[in-house]
Structure formats: C-alpha cells, structure tokens
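Okay, got some structures for you below.
First chain A sits with chain B, and in the next complex the same chain sits with chain C.
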Partner chain A sequence: MGFIWYLIIRLGGALVTIAIGAVFVFILMQLIPGDPAIAALGENATDENVAAFRRMHGLDQPLPVQFWIWLSGIAQGDFGKSITLAQGYPVWDLMVQRLPNTLFIAVYALVIAVVISFFAGSIAALRQGRMSDTAATSASILGISMPDFWLSYVLILVFSLGLGVLPAFGFTSPLESFSGALVNGALPAFAIAAPMAGVFARILRAALLETKRKDYVTAARSFGFRDTFVYMHYIFRNALIPFVTVIGVQVRYLVGGTVIIERIFGIAGLGSMMVDGAFGRDYAVVQACMLAFLVFVLGVNLIVDIICAFLDPRRTH
Partner chain B sequence: MAESTFSPKRLAREILRNRSATAGVAIIGFMALAMIFGPSFLPYDPNGMDFMAILEVPSWTHPFGTDAVGRDVLARVLYGARISMLVTIIGVSLGGAAGTLIGMTSGFVGRWVDPVVMRFVDLLMAFPIFVLALFLMLVLGFGIQPVIFAIALVYVPNFARLARNTTLAVKEEPYVQAARLMGQSNLRIMLREILPNIAAPMFVQLTVGFAFGIVIEAGLSFLGLGVQPPDPSLGVVMADGKDYFLAHPWVITLTGLTLMVIILGLNLLGDGLRDILDPRLRKRSMA
Partner chain C sequence: MTDTPARNDDVALRIRGLNAGFRMSDGYLPIIEDVNLEVRKGEVLGIIGESGSGKTVTGMSILHLLPENAETKWEKFDFLNRDVTGMDEEAFRALRGNHMAVVFQDPTGAFNPAKKVGWHFHQVFERTAVKSPDHAQRAKDWRNAAINLMRDVGIAHGENVLGQYPHQLSGGMLQRALIALVLAFEPDLILADEPTTNLDNIVERQILDLFRDLQKRLDSAFIFITHDMTIAATLCDRIAVMYAGRIVELGATREIFDDPKHPYTQGLLATALALEVKSGERLQEIPGELPHPGDLPPGCVFAPRCPHVFGRCEVERPPLFDLPGREVRCLLYEDDDVSGR
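Then we have the complex of A and B:
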C-alpha cells in the first residue's frame, strides 16, 4: 500500500512540474524578440501573407487563448505545426520520427556509464589505496573533465580514422536495425557516457567506503559471514542507493550532451532538431523539444525513485 | 559567529597539504599565466591571417599549427581561453550570487515563500542543463552577453537549492537565535550571521560551477550561438577546426585538450576545497 501511494504522489508531483514547465516555456517564448511570421516568410512578405500565416498558426489570438490552445493540443498529442523546419508538418510527427534515436543513444550511454562505473568504483573501493584504486580514481577525474563534444572528435580520430573499427558518421535508426544502431551509436554513446561514468564511479567508491565502516557491517563480519556475502548483502545493497540517486541527478547533464553530440555524428534526434529549431526560429519545434526533454528527465527520476524505494523500503513511508 | 573558515593564510596552508587542491592550483595557475602573459610572447595576432601558412602542422614556429586562413592556433587558443574564462567566471558568479541570495532568503523566511521558490527551483533543475542554456540563448539572442546571462540563469537553481539547504541547517544555531533576540533585522542576520556560515559550500560550488560553466560556453559557441567569430573563444576555435577535422585534426584536438586541462584543474581544486572546507566530510575521511 505504502509503495503505491508513494508512486502516486511522485507521479502527481512530476505532472505538476510538467504543467508549470509548460507555462514557463510558453511565457519565455513570448519574450523572444522578432516575429515568427517574419522569420518564416522573410522580410519581404506582404501584410496579407503575414496575417494569413498568423491566423494559420493561431498567432492572432490573445496570449492566454494561444496558451490554452497549445496546452489542450499537447494533451491530445498535438504539438502544433512546424513553422520553418518542415513547414506545416505536425511537430508531433517529427518528434515520433526522432525520439527513438535520442532515446536509444541516451539509454545506450547510460548503460555504458553504469557498467564502467560499477566496475571502476567497486575496484577502487575494494582495493583502496592501491595502484588499481589510484588508476580508477585518476581515470574518473579525467573522464569528468572531458567535454563530451571534444571527446567525440577524439574518438572518431582514434577508432574511425586510426583503427578503422567503428564508423564515425551515418547513424542507423534502432527501429531499422538494432545491431546496426549498436555499432553506429557506439562512439556517440561512449562520448556522452565517459564524463558520467567518472561521476558515477566516484560516488560509488565513496558510498562503498562509507558503508564499509558502518556498525552493521562490522556486526555481520563478527557473525562470521564470508566476505563475499557481507559485500553483496550488507555493503553493495546500501551503497547502491547514492549510486542510483546520482544517476537521476546526472541525467540533466546526459541529455544535454545529446544536443551537440547528435549534430556531430549526424543523428536525427530531438537534440539536433532543437538546435535546428533554434537556428531556424521554429518556435513550435523548440517548445515541443523543451517539454520532451523535461518529461524525459522527470521520467528517469521517477524510475530512480522507484529503484531506491525497492532498495530502501523505508523511503515509501 | 562561528570561527571563520576563510582566513587566507590558513586556507593556503590547507591547500598545500591537500594533494588534489595543490594540483588544481598548479594547473589553474599555469593556465592563468599562459592566458595572461602568453599572448605577448607570441609574435602572432589571433586574428592575423597568413595565406602563406595555411593548415600547417604543429611545429616550433606554430606550436598548435595554423588554421584554414593561416591564423596561429596557439594564439587563438590563448585569447580564446581568456574570453571563455571571463565569460564563465562572470556568468557563474552572477548566477551564484543571485542563487545564494534567493536560496538564503527562501530558507530564512520560510512560510509560503520557501515552497514556492523551491518548486520553481525544482522545475529549472528538471531541464537538461545544456538544453536550458540553449533555450535561453534563443530568448536572449546570440552573442557574448547572452552567453553570460544564460550561464548565470542556468546556475541560479543549483546555488539556490544549496544555499537554502545550508541556511536551514544553520538557521536554528544559537548565534542566529542570539542575533534575533538582540533585535537585529532579518537582512542583517542573513548577511552577518548566515552568509559567512554558508560561504564555504557555496565557494566549493562556485569552483565546480566554473568547471561545467566553461563547457557550456564552449558548447554554445561551438554550435555558433555564443561568442561570434572571428573573436576567438575555445568553442569558436573548435568550431573552426571541425570543418577540416578529418584532414587536419590538430586544431580541434589541441584546443579541446587545452579546455580539458582547464576543467581538470578546476575539478581538482574543487575536490580539494571540498575536503578542506566541508568539516563533515573531513571528519568522515579521518574516521
């Protein structure tokens, strides 16, 4: 019972945040200098054309009405029509085409980061103060300090141009060929994953070292439990909570990374769409992308909360 | 007031004793010297083109090579790092100051202000950080000043949340109660009692903020939204390099390496300062 309520409260909170987020994005969009109609039609557009354009996109309505139309549209899966990128094409359709690519890269990167950091953090903590700890800890801070878009080029240099083992450009949609996407997405995913892996590994190391000193661990050892048993059941399980929590925090940085990375590797995803929308002053596209990213971050945080609730049921009370 | 953590002499001594902080100070110090004095030792103008020396590989005359219009890349990197650092420092500091003020007020005043402010902070922290910066650039316009404001605004929620939480922790301390009993105004209590006692974590956050702030600046300028060419910033120089990256990879690689070294220095310094200034962590590491 407690868990269900916890879930409902969390979900409700996320929905409220999305609603406030929609208002926030909408208001800021109004502050953008310049007229979207002029941006779409050009400086030489006739007054009639501008008026027709404004009517078509509902720009002639008062702001609260515009907001209401936009919001009620979103509730029905209608994000309006693209203004300049794909003129008149529904933004929702654009997003549906591109979302799988972004999701794939983001999840791929997250998996890589979690796997690397799990091993690096564990080894560092288990062999504290030895060479392998120093190596893992140094690698972590180096990883954290690498700008992901620069790392992309270094990876292309090493793995595509140098070794010739992985392709640099030409992403395949995971819906067409999953294995193709795994191969083609390896470099962009790793570029996004490396800085995150560094952050995760440090947190896991610190959490493991802290848990190791807890009284209940000493107690478990004094019962005569074997080392591996103590590690699995007493130390890891509790140290996983900060590890999982930091994933929720870091997802803000992760998804931000996709924006530039998608452009570098020519991946048709939400991030590259948002940049194109920003350059093309396609406000409908930018608005929709902002909301999509917001939902993504909140969704990941919801999953993180659920995992934490399983790891530590006290949280749901 | 509690004993001040900010005695410069003591701080310097602690930094020297902390490996990570020493390394950070050394790297940042070296980079700062290179940025400030380096250009005057180089015989090149960062915007000076030399069509006799196009895309030269790194050599003694051009340590970082030259770009597609024969500009010396090292000169551009050094000038660019100046602009990048300046934009980042101003931006993050502005955001830090505003965020600290908002968070401190929110935590100190409490009542209805706190939940409202924190709700908004939560919202801003739910947007991917680079996506928010990109969105703000669209609102503010492209160029160097908008980047500063975008970085500042992106950092407001981080500082506000931290300041609010630390304010809640010190709010009930006896010295704050004493100041209240003495009838001091809220503003005076916040500035004289609370601020000095939450300054240490804010300071650490500032160092860490510089480290990612410079990535935001470079990223925005790399996309062409930030500092506008021909003015160099690290992102602008990298954007130049990406066009001929396949045949001439050194421009982007060496520029990015410089950026990485700066970030590494800031991260090491941040780590060290956290150990030094956060007594809770220090106790833990001694246990």
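Then we have the complex of A and C:
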C-alpha cells in the first residue's frame, strides 16, 4: 500500500466521521431542554409571539426536515442564522470573525506544549534517575494535575496583577497584529498548554527510555556509531513516533481548553461563542461551532497521521 | 594454555579474569566469573552452554555492549596485542565496528525500523572510511560496494534490498544483510551470538554454510556462541563450555567431543548424542536445573547435578586445571594439572 492510498483512506475516514458527527451534533442539541423562542423572547412572551418566532426560524418543522435544511445549507456554505446571540446575523460571518482567534490560541498552545515537552522529556530521559529527571518529571505531574482554569487565575495573579507584564483580559486578533496576539495570547495559551505539556513530556520520556533498550540500539553501538548519532537517528527518531501519535490523541483537550479559557481571558473566539450559544439555545451557533471543532480535531489528527506515516514506514509499506 | 604456544601476534583476543554482573534493585547480581579466553586470527572459538549460562553476557562484555546497569571487571584484556583493559569508552567505541563486530541472534531487531536497509549500508561504509584511503574511496561508491557484499552473502538482488525497509524483508534475508554489514567492516574479531536460532531449519543451514565459507576466506578471529552441539562441532576449532557463568571446559573441538572431561560436558554430549541417534532408549538428560546466578551452590556450581560429586565439591570452588591441551574446572582432574599449581 503506497502513501497516496494511505492518504485517501484516511481522508475518506475523516469525511465519514464528520458526516456522522454532524448527525450527532444535531440530535444532541435537540436533546438539550429549553426553548430558543423563550430564550430569545423572554419568559413573558405571548403564545402568538412564540409561535411566530418558531415559524420564522423553521422550528415548527419536523426534526428530519430541520436537519435536512441545516445540512443542505452547510453544503452551500450557509450555516444558518443566529437566533438569539446576534439575532438574524449569519452564523458563518460570526465564525469568520472568531475562528482566527481560537485557531491562533489553539496552535499557540500546541506549539508551547510541544516545545516544553520536547525539552523536558528529552532531559528527563537522557538524565534518567538524576536531579534533572526528577525535576522534569515532577513538573510534568504538576502540569497534568493543575486544572487549566485554576492555572489561568494563578497566571493572571502573577503575571498581570503581580508583575504587570502581560494583560489579564482581552485579545488582539492575529489578523490585526500578530505580535500583539502573541503577547496577549501568552497567558491563555500557556494555561491550555501546561497540562498537555505534562502528558507529552511523560510520553516522550517513556518512549525514549523504551527505545533506548531496543536491540537495534545495541546493534547501532556495535557498529561503533557515535553516541550522538545513535541518539538522534535510532533512539530519538523512533521515540518520535509514539510522541507524535499522542499529540494527535490529545488535541481534543485543546478544544475543551479553549472553551473555558476564552471565557476567563475574554477572548472573542469560537469557544466562548459556543458557550454563549448554548445558554441562549442558539442551535445554529452551537451546531456550527461543534462542527468547526470536529473538523479542527480531525484535521489535526489527519496531519498527525501523515507525519506518523512519514516517521514510521511500517504504517504505509 | 598448554597447547602449542601461539605466536604472540597471532592472538587477536586474550581475556583473563573477566567478571560481569548487574546492579539490580535488590543488590548486585553476579553473572559470569573468572572467564579466560583466547582467540587467534582465523580461528573459530565456540562458546556453548544452556541459555542462562552466561554466553551472551560474556560476548557482550567483550564489546562493552552490556546494558547500563552492568558492571565488568577484567584482570587483563588484550586486543590485537594492545592492552585495552582500562580503555575509556570513547576510545573503545572506535574499536567497535571497524575492529570488532557482532552478528546478533535476532536480525529483525538489529535494524533501525525507521530507515531503509540502504541507509544502514551507507552509514556503515561511512564508518569504515577512517580505516584507509581505499576504504574512504569505497565509502563514496557505497552502493556498488554494498551490492557486491550482498552478492557474497547470497543476496542476488542487492540493489532492490537497499531500497527496502527492514520489516519488508524476511529474517533470513535480514541475517544475510546483517552479515554483509559486519563484513563491510572487515573486523579483526567477529562475534556471532546464536545467529541462526530465530531462523527456520533450511535458512539456518544456509547461514551456517555461509559462516563456514566466510571463516575459510577471512583472517578474522571468530567467536561463535551457540547452545547447539552439532553446530559447534562442525564450525568451531576450539570450544569453551560454559555453565552457570563459568567456563568449565576448554579445548580443541575434536578432543572435547572424543574425550569430554568435565562431567557437565559429558552430560551435554550424551544428551546431544541421544537426540541425534533418536534411539529408542530413554533420553539421557542431566538431572536438575541450572542454578540461579543469585543463588549459587557454595562449592562447584555443577555439584548438585554432578554424578561424580564427592565431599570437597560441595565446599570448594574448583579453579581451571591445566591438562595437556585442555582446561577443566573440576576437582577430579586436580592431580592431572600440569601447570604446577
């Protein structure tokens, strides 16, 4: 099986997952108690007003029809209109404004997590059993055990209120100012990154230690290759495969992280939009956000799979 | 040694008083004790014994390839007439590959799974470039050199193999490729650690033929580790029999097979013979089990299983006695010792 085939199969799988996911997203929203009409019009709305609202937004149609309208709309790039959040405003337009912020924070957090774990995991494995290993391993456990919202407040306390070096609230769109987004996004990105970095570092350490014991490492040393060469081309090269795989698995936590963190740091992103939409029973908004997150997670997983296919020839050959 | 003293420059490897063991969570676990070996150029020394007898630890000690928790002690380690006893690891690393190399038991585990077979050849030829200007020249044309070497070891389509990943090749093919890699080094010492154990019978025979062929062509010193007496008999010039981390008997293959001295060797041969003849008689096995290295008997390590055991065996650790053309670690031969100890 060649690489192209591998890619086609993975891509097809991702599309099927998105289609199934769309059905679940839709059903899930209908299961949530509460009426969007009441949410929009208030508790005191008259029955006529409610009925009119429901008719206007197609909420009086049978569910399969509603699903069909929604799905065919998406196929044409129309994610419907917001009912309560920004009344009558196309959801797609809302997403276009907010998606870059969330993507930026998510990728920012991922980069921080990968960089930190790369060094922490490598140092821990290289200096196994020594002080630096203990330090890196303890820091990883700390990172895993700190809830991200709690860490957020600690970071705000230290860096914003204490040292006054980074802002506690508000965000600059990366489209306006990339450096501004880097500075303003530092605390939220780090808050999301810390638990992931902990997990990644532990995985990398374990993978490096396991690979170090492999027969091919002994074989490489029997050839008289230099230690650095053996480390780079044998140990690290092969430990990278589980490391990257775990990154793909952990991406879903990235999404969960942004939802909470965006609220805390006042970032106008997809996560906060979804939370607001859920409180307002704004079906179209929540469904669109969930779908976007689904596509994001599958997209990152696909990229991870492609990287893994390059790293591990046994997957495609 | 009492057999014809070899010319000094003929001896590739001489080891005296090698001890090795592992640091475990519950203390030090000694594995091999007082191992003395000598291998000459062009000679094949067999190390035979059951699994757990310390054969592999002995072999890996010689190449400084034991895991990190291992400890080794040497009285004397001469390699190519050079004392390498206390040599630092970086200097010793330079000896590996170009001067001493290993053919491992599991060829599939010996290759980097992320790299093509060609990559391995390329790196190995690069590594040999320091040996001479000719080697450096050959490293530049490594592809052809690799294909030629593979042809020597019975791989007809080497150019295809270069482009394949290890997992795409069979065990037998990989073992040939690994042997070709080792041959690229033209090492002075080749250690083969049960190189056919993981292969099926037909491939095993082919690989053994290959070794026999190489042994005739090369001037290297060979150490062949095996638990198979038949293989040892056909391949080795001399044999060291190991039991519970000690060499219990050492001598010329023919002489050991014709007249085994140590009770363990006698038992081993009787078992092998019974297997070969497949006679209706009950298989003659040595009763008992190999002792655990952490729980050795106080006297001779073989005493609990020995048919000739007598009082002193259970309290005294016998040294290696020098017999004409033979070394035996057994008190039965104390009076035959010719070293004047």
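Criterion: the second predicted complex is superposed on the first by the 310 of 317 C-alpha atoms of A that agree within 3 Å, B and C clash if a C-alpha of one lies under 4 Å from a C-alpha of the other, contacts with A are read in each partner's own complex, and residues count from 1 in each chain.
To be clear about the criterion, a residue touches a chain if its C-beta (ideal position, glycine included) is under 8 Å from a C-beta of that chain, and two chains touch if they have at least 3 such contacts.
Computed from a predicted structure; not experimentally measured.
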Superposition on chain A - do chain B and chain C clash or fit: fit
Touching partner for A:His233 - first (chain B), second (chain C), both, neither: second
First, second, both or neither for A:Gln76, with chain B first and chain C second: neither
Comparison of chain B and chain C by chain A residues contacted: B
Touching partner for A:Ile32 - first (chain B), second (chain C), both, neither: first
Which superposed partner A:Thr46 touches (first chain B, second chain C, both, neither): neither
Angular separation of chain B and chain C about chain A, which is computed from CA centres of the superposed model and rounded to the nearest 10 °: 80
Partner chain(s) touched by A:Phe225 [first = chain B, second = chain C, both, neither]: second
Partner chain in contact with A:Gly257 - chain B first, chain C second, else both or neither: first
Touched partner set for A:Ser179, first chain B, second chain C, both or neither: neither
First, second, both or neither for A:Arg213, with chain B first and chain C second: both
After superposition on chain A, the shortest CA separation from chain B to chain C (Å): 9
Chain C-contacting residues of chain A that also contact chain B: 213
Contacting residues of chain A [partner chain B, same complex]: 17, 20-21, 24-25, 28-29, 31-33, 141-142, 144-147, 149-150, 153-154, 156-157, 161, 210, 213, 251-257, 259-260, 263-264, 271, 274-275, 278-279, 281, 286, 289-290, 293-294, 296-298, 301
Chain B residues within the chain A interface of the complex: 119-120, 122-123, 125-139, 141, 211-212, 215, 218-219, 222-225, 238, 242, 245-246, 249, 252-253, 256-257, 259-260, 263-264, 267-268, 271, 284, 287
Parts of chain C lying in touch with chain A, wherever the complex brings them together: 60, 63, 65, 67, 93-98, 101-102, 104, 106, 109-116, 123-124, 127, 165, 167-168, 178, 181, 185
Chain A residues within the chain C interface of the complex: 213-216, 218-227, 233-234, 237-238, 241, 311-314, 317
